[in-house]
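Take this structure first; my questions come after.
Read from first to last, the chains carry the letters A, B, C, D, E and F; within each, the first residue is number 1.
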Amino acid sequence: MFYHDGGKLQYPVKVEKPNPVFARALQQAIGGIQGEIRVCLQYLFQAWGSRGPTKYRDMLLETGTEEIAHIEMLCTAVALNLEGAPTEQDEAAKDPMIAAVMGGMEFQHVLTTAMAAMPIDSSGVPFNCSHVYASGNGAADMLANAMAESTGRMLACQLYKMTDDPGMKDMLKFMIARDIMHQNQWLAAWEDMGGRSNHPIPKKNR
Amino acid sequence: MFYHDGGKLQYPVKVEKPNPVFARALQQAIGGIQGEIRVCLQYLFQAWGSRGPTKYRDMLLETGTEEIAHIEMLCTAVALNLEGAPTEQDEAAKDPMIAAVMGGMEFQHVLTTAMAAMPIDSSGVPFNCSHVYASGNGAADMLANAMAESTGRMLACQLYKMTDDPGMKDMLKFMIARDIMHQNQWLAAWEDMGGRSNHPIPKKNR
Amino acid sequence: MFYHDGGKLQYPVKVEKPNPVFARALQQAIGGIQGEIRVCLQYLFQAWGSRGPTKYRDMLLETGTEEIAHIEMLCTAVALNLEGAPTEQDEAAKDPMIAAVMGGMEFQHVLTTAMAAMPIDSSGVPFNCSHVYASGNGAADMLANAMAESTGRMLACQLYKMTDDPGMKDMLKFMIARDIMHQNQWLAAWEDMGGRSNHPIPKKNR
Amino acid sequence: MFYHDGGKLQYPVKVEKPNPVFARALQQAIGGIQGEIRVCLQYLFQAWGSRGPTKYRDMLLETGTEEIAHIEMLCTAVALNLEGAPTEQDEAAKDPMIAAVMGGMEFQHVLTTAMAAMPIDSSGVPFNCSHVYASGNGAADMLANAMAESTGRMLACQLYKMTDDPGMKDMLKFMIARDIMHQNQWLAAWEDMGGRSNHPIPKKNR
Amino acid sequence: MFYHDGGKLQYPVKVEKPNPVFARALQQAIGGIQGEIRVCLQYLFQAWGSRGPTKYRDMLLETGTEEIAHIEMLCTAVALNLEGAPTEQDEAAKDPMIAAVMGGMEFQHVLTTAMAAMPIDSSGVPFNCSHVYASGNGAADMLANAMAESTGRMLACQLYKMTDDPGMKDMLKFMIARDIMHQNQWLAAWEDMGGRSNHPIPKKNR
Amino acid sequence: MFYHDGGKLQYPVKVEKPNPVFARALQQAIGGIQGEIRVCLQYLFQAWGSRGPTKYRDMLLETGTEEIAHIEMLCTAVALNLEGAPTEQDEAAKDPMIAAVMGGMEFQHVLTTAMAAMPIDSSGVPFNCSHVYASGNGAADMLANAMAESTGRMLACQLYKMTDDPGMKDMLKFMIARDIMHQNQWLAAWEDMGGRSNHPIPKKNR
């Protein structure tokens, strides 16, 4: 069973200088294969299919639920970065800087959502749920999760480098910290299950 | 911000006689275009992009959060229906009934998840997030939501006809009731926004 | 049965000043989820599956056929906007304005079609026919259609804002008018079927 | 510009003994990569992007328009083959033959469209418009079209073998004849453009 | 640079009793997310993007090249299992066992390839190259590879259980052995890079 | 069976002046529908499904294997063109030229692979294996292959026009020559099989 508190985000999201090109980059963290929709659904489906010890199941539910709050923060960040974005081609025709920005924007932010986030990556490709990995083998899933958090953190660190907005740097610093925590958590669970001795997976040969 | 209670489902899910073919049919309600992942993400993305009155925003967050619980119930139902499913081709070769069942099963329940639900539809096609409709226009979104709940309820009613398992009928009866409630809720919101007078959308011509 | 008149478009399409970035924006109206391929196939498939009164079936066939003519107009507009587009990277290297334009262009217009329209959206994602909604329930389909025309018109109005080309403004003005007409038509059909009293859909509970 | 005559099909479609498994097979001819939606859109997009002699453009428009009528016939055939299909799992549980039929059916015909055709293939995968090949090179496109008609006819001949329903055999005989005609037409156009001497494509080396 | 020896397979593939339903199951090992096309392209793209020590690059190229040979073996196995499959619906109509088999077959084996393997999974969904994970971080990629081999071996073991054909059991025994070897190899590389101390990835915080 | 020589490319790849926008254009030749992954898998799957004379089977294996080497060259070219690409949004904010370049880059080269090639096209859409055409009819497949090489060469010639880098021009000149050779080879095979007299395909009417 799930609940929400519409009144607050997990961590405050502020944007000092909106940047529509950075909004497009942030989409990778929402709908990219290393993004938050992926880990959110992956942890929840692993939990719902889990037949093993409930301690892992609870950890998966707990973390999957936190990831919904991360999607919420990122979608808020995208909307704030799109405030006052250029939407008129003729301005662009006059000013290469505006043209450059429009060239670098996700057009669908203007054309499809009236300046809001979408479940797409930074190329505009919608998230495809085939990336929700849940094998039914706990140890294999923990490796998949540790890997997802590793690439997720690589992305967050790169996004941190791509912005000089204090609000965005602050939000990303928080997310990077959570990614460290989750990455360690999944590796610890894998070790707790036997670590290297889990392999080759599956244990029963045939 | 989101929370969960791992201890209980929104409504109890029981299966008396597991049926792996029905498990495949249930997948449509999880990963189908009229399924719960779709409405869950659609309501949440509409809320996160919403710039209008908070009362609609809260309703979207509230309902989107409930839909996570519906995915949870359906995934539980799929896992229970897969208990003791045939997984050996040679049995099938001997018995046309088993062959028939295997023919009607989603093979990936055996091959990919060790008998758990996936974010796919009843054809095995993964959910594609391009179906998350959020236009930035509240009235247009309310129509999209009313339509999604209409087809969602049509599916739930058909699934109800396809099973004679008391547990499954009970779960679906609950879901059908929620679909009525949500369908009415979105139409009421559309009317509250002006109903027919919202159209043609958008109001400002050009 | 279908016929065509190769000699003329439904409405004349002229472009005074070609703009390859606007050509990319126009792709959303061809292959986007709110675009013309979608409504065209949606109305035709609803008609071909329809078992209800023929008056709705005829309206669906009539409108679906008109949408083919809209795709034709938009493809013509894309081709005209691509006339004389920059195709040499080295020019771009010298001139930020050209680089900006190339950055904002759909590369496949240069690389895949020799400057013609494609059935893709403004992000370059091909149209996926899972967006052709046809539920078999007339009232639900009419809501889907009214919603599709609403977002279609929102897109046309935004495109109208993004160009100052007289020919493009004229074409879009025509399309916006058709979208109003169709949006009202589907809502009228929904009301004619009983409107609010159609809901909850489906009527027969279980 | 396009027109239709809702009153009649290009060729009459009759089904004596409905067969829901054959309805699934027919889906390949509607939404498969070698199916009618593909050739329809392929010919129309080639025509709309065409800058060459109008005789080829007219042939493309003419044939593309005919393919809409083929989709219409096939959708009618699917709907007729779905009449009286089993939709109750409990019947199936009692009768292996019904279970076999349900196992062989496209579940979405029951769950998503209330027994109507969809723009999907026989595996239930929606048609993806990336298969609409239009290169801007007439000779290359004619080869693509001849190949599409070749595989389309291979499919129609296989479907003919898979049914003993007189109505279906009659409809398929008509379609096979049209496929021969179109296959020859595209090869003739390729030869008319210079045939083997068109190659290597493109003529201008670099 | 790559070479091949058309004369022989990496390991002989024999099928005593063709089984078209098992051919469908084998498709998961070719085009599934845990299948051979995925690991083949994943290892090659990791190698081609690799900027680290050449010893890992060579191991990736070596293993990626071997996986091509595994796709070759599996495609041969699918073709052999499709020998003499039923292709006539009317037979099926007479015999529930044939109907069951046809229900369990991949229809496209009959309709699209004239009885040959396709780059699809067991649900008929084409492989999507977004599953080729190559992050540019060696340790993260090694975890991704170990996980891919783990789920790949789980699949091979399940396929082994699903057949009693001596030839198929022999081929799968060979593949399972290779999966063990590769699974250990990637974990050893991860440990060689520092193992647990690689984490959190990336090392440089921001 | 397949082998590789990690030590060398089929043809040397050099880049004098890295150009990240050209790297994006090159992606079309890797993961585009007319690109090398497509022809590679198409030729190999045709070979593995082939039941005809071994001379065609060998030619397909031979050419399919060469295409792997072309993917390798192109991935190397992408990596070299990404050397020193701008990865900091704030630089861009200061300089329209950098903004233009970033606008024209594939963002995932920065965000997902740490500056390496991906199996995507120039719009960032992952290659979808439904484009691997293998019909089981040799003549139809040869037309498909000739067409694929025709559009592949059109792309290579356009890329040649888009760069003034001597290394890239040299690499593309080599690839264009191979495309001519392969295009002629498939047409010769089609003629060797009977050419025009192969049609209409299939020979056996029904």
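By our rule, a contact is a pair of C-beta atoms (placed from the backbone, for glycine too) under 8 Å apart; a residue touches a chain by one contact, two chains touch by 3 or more.
Because the structure is a prediction, the values reported are computed rather than measured.
Would you mind naming the chains that touch subunit B and likewise touch subunit F?
A, C, D, E
Work out which chains are contact partners of both subunit C and subunit E.
Both subunit C and subunit E are touched by A, B, D, F, going by the contact rule given at the top.
Taking shared residue numbers divided by all residue numbers at the interface, is the value for subunit A and subunit E over half (same) or under half (different)?
Result for this pair: same.
In whole angstrom, what separates the CA-based centres of subunit D and subunit F?
Centre separation, subunit D to subunit F: 28 Å.
Cα centroid separation between subunit B and subunit E, in whole Å?
Centre-to-centre distance between subunit B and subunit E: 31 Å.
Where the centres are mean C-alpha positions, what is the separation of subunit A from subunit B, in Å?
23
Nearest whole angstrom, what separates the Cα centre of subunit A from the Cα centre of subunit D?
40
For subunit F, write out the residues touching at least two other chains, lowest number first.
33-34, 96, 99-100, 102-104, 112, 114, 120, 123-126, 128, 130, 135-137, 151, 154, 161
What's the complete list of touching chain pairs for this entry?
A-B, A-C, A-E, A-F, B-C, B-D, B-E, C-D, C-F, D-E, D-F, E-F
For subunit E, which residues count as touching subunit F in their complex?
For this pair, the touching residues of subunit E are 1-6, 8-10, 31, 37, 41, 44-45, 47-49, 54, 57-58, 61-62, 65-66, 68-69, 71-72, 75-76, 79, 112-120, 126-130, 132, 134-137.
Quick one: in the complex, what on subunit F touches subunit A?
The touching residues are 87-90, 92-93, 96, 99-100, 102-104, 106-108, 110-112, 114, 120, 123-126.
Given the complex with subunit D, which residues does subunit B contribute to the contact?
19, 21-22, 24-25, 28, 32-34, 96-97, 99-104, 121-125, 151, 154-155, 158-159, 161-164
Along subunit E, where are the residues that touch subunit A in the complex?
So the residues of subunit E in touch with subunit A come to 33-34, 125, 128, 130-131, 133, 135-137, 139-140, 143-144, 146-147, 150-151, 153-154, 157, 160-161, 173, 176, 179-180, 183-184, 187, 191, 196, 199-202, 204-206.
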